[in-house]
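In what comes next, chain A is part of two complexes: it sits with chain B in the first one and with chain C in the second one.
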Partner chain A sequence: MDECKLVILGFGAVGQGFARAVLMKKEFIKEKYGVGLKIVAVADSSSSAICADGLAEEELLKSKAISGKVGSYPDCGSDLTGTDLLDAVDYDILIEATPTNIQTAEPAKSLTLKAFAHGKDVVTSNKGHLALFYKELIEAKEAAGVEFKFEASVGGAMPIINLCQENLASCGISSIKGILNGTTNYILSRMTSEGTSYENTLNEAQHLGIAETDPTQDVEGIDAACKVVILANSVLGIDATYSDVEVRGISNVTLEAIELAKEEGYYVKLIGEVSKNNLKVSPRLVKQNSQFAIDGTLNLATVTTDLADEITVMGKGAGSLETASAMLSDLISIIKNK
Partner chain B sequence: MRMDLILEILDVPGQLVSVLSPLGDLGANLVTVIHQRENKNEKGMVPIQLTLEGERENLNAVIEKYKEMNLSIIEIDGVVRKEYFSTILYGHIIDTDVRDTVDKINAVEGLVVSALQFKLEGELASTALLTIEMDVGKREYAYEKVMEIAKEKDFLVIDEV
Partner chain C sequence: MDECKLVILGFGAVGQGFARAVLMKKEFIKEKYGVGLKIVAVADSSSSAICADGLAEEELLKSKAISGKVGSYPDCGSDLTGTDLLDAVDYDILIEATPTNIQTAEPAKSLTLKAFAHGKDVVTSNKGHLALFYKELIEAKEAAGVEFKFEASVGGAMPIINLCQENLASCGISSIKGILNGTTNYILSRMTSEGTSYENTLNEAQHLGIAETDPTQDVEGIDAACKVVILANSVLGIDATYSDVEVRGISNVTLEAIELAKEEGYYVKLIGEVSKNNLKVSPRLVKQNSQFAIDGTLNLATVTTDLADEITVMGKGAGSLETASAMLSDLISIIKNK
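And then the complex of A and B:
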């Protein structure tokens, strides 16, 4: 393979981050792996840009920034989106970066299955379809004989899935415990350091763009629970889906609880736990001198193994370029195996 | 490698022999043994100090054997084999009889409430941090007990990782 044709579906923070990452790294990838990356189509929710000769990353980002629609790309704009677009273009790998939908898993699920049906590999940052239909997707991937990589879906830039599946291949993994949501970690850290109430801290996080206008997915633990499901399936081989996770968020964590914990040498953190007997997300006490005592929007995971004992990783759990880094690494690993 | 152990045995004939006899078969060598019968602890048990030598898996086999024999291991290499488990409870702690909450936990074998801190918020709900001391390996047990009480008394739980 000396050229790799990419389709990016979903052009929000992650999709744009991916285009930027390609722009920054394509020379390096060409030099090191001998493969030229070419973005042949990009779609957002209502428009697309398509060009078999390749689209310029700067121009894509500019068009999106100016009009809010990637379809305003000069001379290459189109109304085709979603599965219709996949049917219409010639591509090698789908970069799927549409928003997570935990109710129906769409459009991610249809797009992914369509790409598999075309015999194409898929790299995704999406959690919804993995959390709801993991088994179905993996079966479809295997039937199609293609690659399906989703490192970016858990912990953003922090390597965890590939770390466990590849680097820790010799080890039996009995549990993963971690801080899998940056927004809630920010809120809990600020309540601890500033002594502010949950409501005020949430407002502050929303002003800073750390929490969304509707913060439900984060604060109620839904986002972290999706990641627990993905880790359970992909690392521990547990056939679980979203409804198997016991989920409790942080909206009823009081300042008194945080202060009492602090006085006694603990912090309160939203912890996702994955083990054979336990799939849960809940506020927990962590010792102030433990690895879990991290501040801000960082993510962290501790993997307990039989041979290597404990391994802990930490990194940026969100952010456009950070999340794109995980997707680009997934893409490189697919290219290397071709 | 070497391993230092402190065990507790009952003060009845044959106990020391039963502790030492499995060693040879499990591939562990006895380096020292200190056994002073007059040194009983508050529970009326006699502590024995052992230093063993062997490969890691042999020494682990000894520990497993002792657990199987229901011997209580107090320390391994200077580390006390007691665990502490802290948990925050939030709800009507006082109104639902805090004494009863503590008694229920203490009633479980191997669990003792060793500390209890409160933050009271007037007539409203209050927050308590409870620390339970327990024998090693009883953690799940302690957690289940706390959750059972929390469910019954409608407390929110923030348990330790």
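And then the complex of A and C:
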């Protein structure tokens, strides 16, 4: 493979981060792996830019920034989006970066299955389809004989899925326990260090852009629960779906509970737990000198294995370029094997 | 490849751990990857056991335990060792687990080059040849068109080399900073928590088997410096050798220095630093709430990247089965590509 034609579907923070990452790294990738990356189509929810000769990453970012629509890209604008776009263009790999939808998993599910039907590889950052339809997706991928990589769906830049599947390939993994949501970790850390209430700290996080205007997905543990399901399926081989996870968020965690814990040498953290008999997200006490006592928006996961004992990994759980870096590493692992 | 014939050279803690790991995992590997592992020869420094039909892992471990020589294996004993053994047997992959020799890199260097000359892949836990002759080894490996994997040489079970080369393949890595030696971390941690002198704590560590009778390699920073060189070459692409590392160990760290640091919110840790202009091992102050404030024999490394910001990984830096797990994961990555 000398050239790899990419379609990016979803052009929010992650999709734009991916375009930036391609811009930064395409020469390096060409030199090291002998493959030129070419973005042939990009769509947001209402428009697209399509060009078989390749779209310029800088122009894509500029068009989106100025008009809010990637379809304002000069001379390449189109109304085609979604599966219609995939049917219309010639591509090698789908970069699926649409927003997570934990009710229907759409449009990610349809887009992914369409790409598989085309015999194309998919790299995704989406959690919805993986949390709701993991088994169906993997079966479709196997039937199509293509690659499906989703490191970015759990923990952003924190390498955990490929780490377990590849670097720890010799090990049986019995459990994963971790801080899988940066927003809630930020809120709990600030409540602990500043002695502020949940409501005030959430407001602060929203003001800083760390929490969304509707923070439900994060603070109620939904986001972390999706990640628990993805790890259960992809690493522990458990056939689980979102409804199998016991979920409790942080909206009822009081300052009093945090301060009481602190006096006794503990912090309150939103912990995701993955093991054969336990899929759970809940506020838990962690010792102040344990690895789980991390501040800010970091993510962390400890993997318990049979041969290697415990392995812990930590990294930025969100961020446009950080999440895109995991997608680009997934892309490289695909093109290396072509 | 239906069957993979292994030669294990070096049958100390790591070599024996590898045999145990094969015993535990060969059925799993056969089922998952369709490849049967067969150990056809094992040598320690003065004897060997050789059998083209395969040696039984339990019998290998028993023979070594009872007589101290693997050559006491019933009906398969031999005087052949080293490169002579490699010339005499039919094998696919060399598992190189001889002791690290930082003066001459032997026998690891000759064994590895011999295997390359045979067109065979090598998995090693050895640091000496990688720290002294990295470039020569990689050139020989490239010329032979074989695989050469050495995750176990740095940080035992802690995944760091493959993590950087594969999981972070999209990222430029500017530096690695870490606790790369478990023995010195144990000694410094105990001096800090117990208020004991360096000499007494070293004695304790020797009594527990954490430090060796001659602790020089660990306490003088030599072991950590080897790892710094290996990371510099394999991850940062710096053409460095052992003599390029500025090394200071912990034998001059006083209890007074540790206690003074503690009062100010710091711990003293032996830190390895790897960047373009800085290859160094030295006792450093780390903040008590930083990721470097880990106790016991754990290893930890923080990788600074351009796209993914900082990624940190932690795991057991030593241990027979733990180190073997890294070698077995390396072996799996080779057989997967066959």
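Going forward, the second predicted complex is superposed on the first by the 338 of 338 C-alpha atoms of A that agree within 3 Å, B and C clash if a C-alpha of one lies under 4 Å from a C-alpha of the other, contacts with A are read in each partner's own complex, and residues count from 1 in each chain.
Note that contacts are C-beta pairs under 8 Å (C-beta built on N, C-alpha and C of every residue); 3 or more make two chains touch, one makes a residue touch a chain.
What you are looking at is a predicted structure, and each value in this text was computed from that prediction instead of being measured.
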Open item on the list: Touch test for A:Asp309: chain B only (first), chain C only (second), both, or neither?
Closed with: second
TODO: Report for A:Val253: first if it touches chain B alone, second if chain C alone, otherwise both or neither.
DONE: first
Open item on the list: If we overlay the two complexes on their shared chain A, which of chain B and chain C does A:Ile271 touch? Say first, second, both or neither.
Closed with: first
TODO: May I ask you to name which of chain B and chain C touches more residues of chain A?
DONE: C
Open item on the list: I'd like to know which partner A:Asn203 touches here: chain B for first, chain C for second, both or neither.
Closed with: neither
Open item on the list: With both complexes superposed on chain A, which partner does A:Val286 reach: first (chain B), second (chain C), both or neither?
Closed with: first
Task: On chain A, positions contacted by chain B and by chain C - done: none
Open item on the list: Looking at the complex, which residues from chain B come into contact with chain A?
Closed with: 86-88, 90, 117, 119, 121, 126-129, 131, 156, 158-161
Task: Residue ranges of chain A touching chain B (in the complex, touch as defined) - done: 177, 252-254, 256-257, 259-261, 263-264, 266, 268-269, 271, 273, 282-287, 290, 292
Open item on the list: List the residues on chain C that touch chain A in their complex, please.
Closed with: 21, 24-25, 28-29, 151, 157-159, 162-163, 166-172, 289, 291, 293-295, 305-316, 319, 321-322, 324-326, 328-329, 331-333, 336
